[in-house]
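Which chain is which? They are A, B, C and D, in the order written, and residues in each are numbered from 1.
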């Protein structure tokens, strides 16, 4: 199985998820500034989720770039990742519309956590398929970023019930950690 | 006609169907656990349909991998399959929202049945286009899995009216049968 | 400009249109047969539009297969076609929900007419770009099918006001004319 | 990183945005001409946005055609452009439904402005990645069209509060400026 079709399918799902999130901006009835006010928190959560999906798409590309051959396990690990990403629009809309109430903010973190775990599983599935000389393992080293993200997302869930903005602060922090492109892979693979 | 465009189009439709199913999770008004309760059965049926679509996508890939040339019949057999797959979001939402009432559960099975029949027709169309030395026929042998699925889905329709969970048990069973990747094709094609 | 990106973009739009039409099947509140009754005409119009979009996708593929080079005019002629196709979900839903009332049925025909005109314009744009030795012109001959469709769609608009089913009969007739694959192009191109 | 995946992803997002805009045409309850009247302004704004998205897609293609290699900065500059484009369906629906009220018309211009700025940033990111012998810089010269568009969109925002149609006139003017294909790039790159 070639890598191309897996990439194209994943790109399609992510592209649709990004644009489906936009459907949460319901066109308001009014035409004045007040009509826009309820949309502001939805807009903020949209920006956050857009950036996180962008990061996944970016790193997903780099990761698959090292995988010449795809087997059934990699395919299902990829579908598993897409499953959790597919819940982003719901969580984004719920957190936004409730103005970051505790439970929606915590479940947002839980979905982020599961997506990060699914990403790690996909990474390790590719590494183990590549065998002892895995180019990907060499490039990513010890999964430091991935494991840090998982720990932080895990922390965010209880924090959301203390104060949602503590959790949101963590979501922004994790995004910033990843916005630095994975130069290790870029360097080793020639990007 | 190259295989690539047929694959890309099918991938696009399946990617969109998966994400359109997510639209059935309407963002709730409330922000507490009770607001999530009505979404649980919709979520369960989403997981089931996501896995089934993933199986179709996976096996569709393996099958088309053996088809070097595409003719008009294959194209229409493929569109026929996509037609039945396109009804998944409706059936998923209906079965989920009615908490697996008999009729929605039975019609879910009926759409699964038609999709399985359409898949078999596509398979046979490719085999007959490849002629006596068909790589695909050699690989799939006697269509055992496909025909078993069709029989089980056919059985599920009356069972749904006795008790919906009998039918849902069958849907899960068929998914498990297919989750085992088609190693015969993988082995023969170098998958 | 390569043909591939134009094909991929057109495929994406058509794949999305097909699945967006499905959104017109609103999941009903009830769980019995009566809940399905209002969906029957929507379903019938969905089948019709699905087949027509399938025909466009099929013939669009064959046509672009002959076009090695794409210029700005071809690109805009293609976007013009996609514009009219993008109105299919609206027309399909309107005709279906109103049980084929005269005006929705007539505007359905008007959109079909404009799409057929746009297809003809795209065809002639490619032919004139290919110059005197155009492979496409040689293959399609006198545009007979396209011009017949346009005449029939034009006829359907007044007929819809006499009786909508006269117009729907014409829509089915035109679909049947096109369901016969364009063997002339297939034969000449080895399609 | 190859250019292809970036193109495919961008194409996917634009294709989905175009079709999501169509969802703003809510199928009316009635079946007479009066039922269509409220849709006319939504339809007009759809045509405008469709043409503008078509222009972006067209020019985006020409621009990326000159970029052999993609780095992380280009990827994020591209996502930034897609972010602003993703707000088109909301703005199109809002401006249409409010019959071009001042604020929706002004925010439509603001989103157009940001998209034009994002396009310029993407262009300059590619140019600076290509270095002193940039094929793209040579082809585009002094960014005249892009900077003119930005100035005009900036002007449209206050004008929308004087009279919305002054702003809409500017949106149409900018579209006309861009509808002329960028022959400089086509000429230098062999299109």
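Following the convention adopted for this analysis, a contact is a pair of C-beta atoms (placed from the backbone, for glycine too) under 8 Å apart; a residue touches a chain by one contact, two chains touch by 3 or more.
Model, not experiment: these values are computed from the prediction.
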Taking each chain's C-alpha mean as its centre, the one farthest from chain D: B
Interface residue overlap between copies chain B and chain C, same or different (over half shared): different
Between chain B and chain A, distance of the C-alpha-averaged centres to the nearest whole Å: 26
Taking each chain's centre as the mean of its CA atoms, how far is chain A from chain C in angstrom? 37
Residues within chain A bordering two or more other chains: 8, 12, 16, 23
Looking at which chains touch, is this a line, ring, star, complete or other? ring
Of chain C, residues touching chain B in the complex: 7-8, 11-12, 14-16, 18-19, 22-23, 25, 27-28, 31-33, 36, 47, 50, 54, 57-58, 61-62, 65, 181, 186, 191
The residues of chain D that touch chain A in their complex are 1, 5, 8-9, 12-13, 16-17, 20, 23-24, 69, 71-72, 75-76, 79, 82-83, 86-87, 89-90, 93-94, 97-98, 101-104, 107
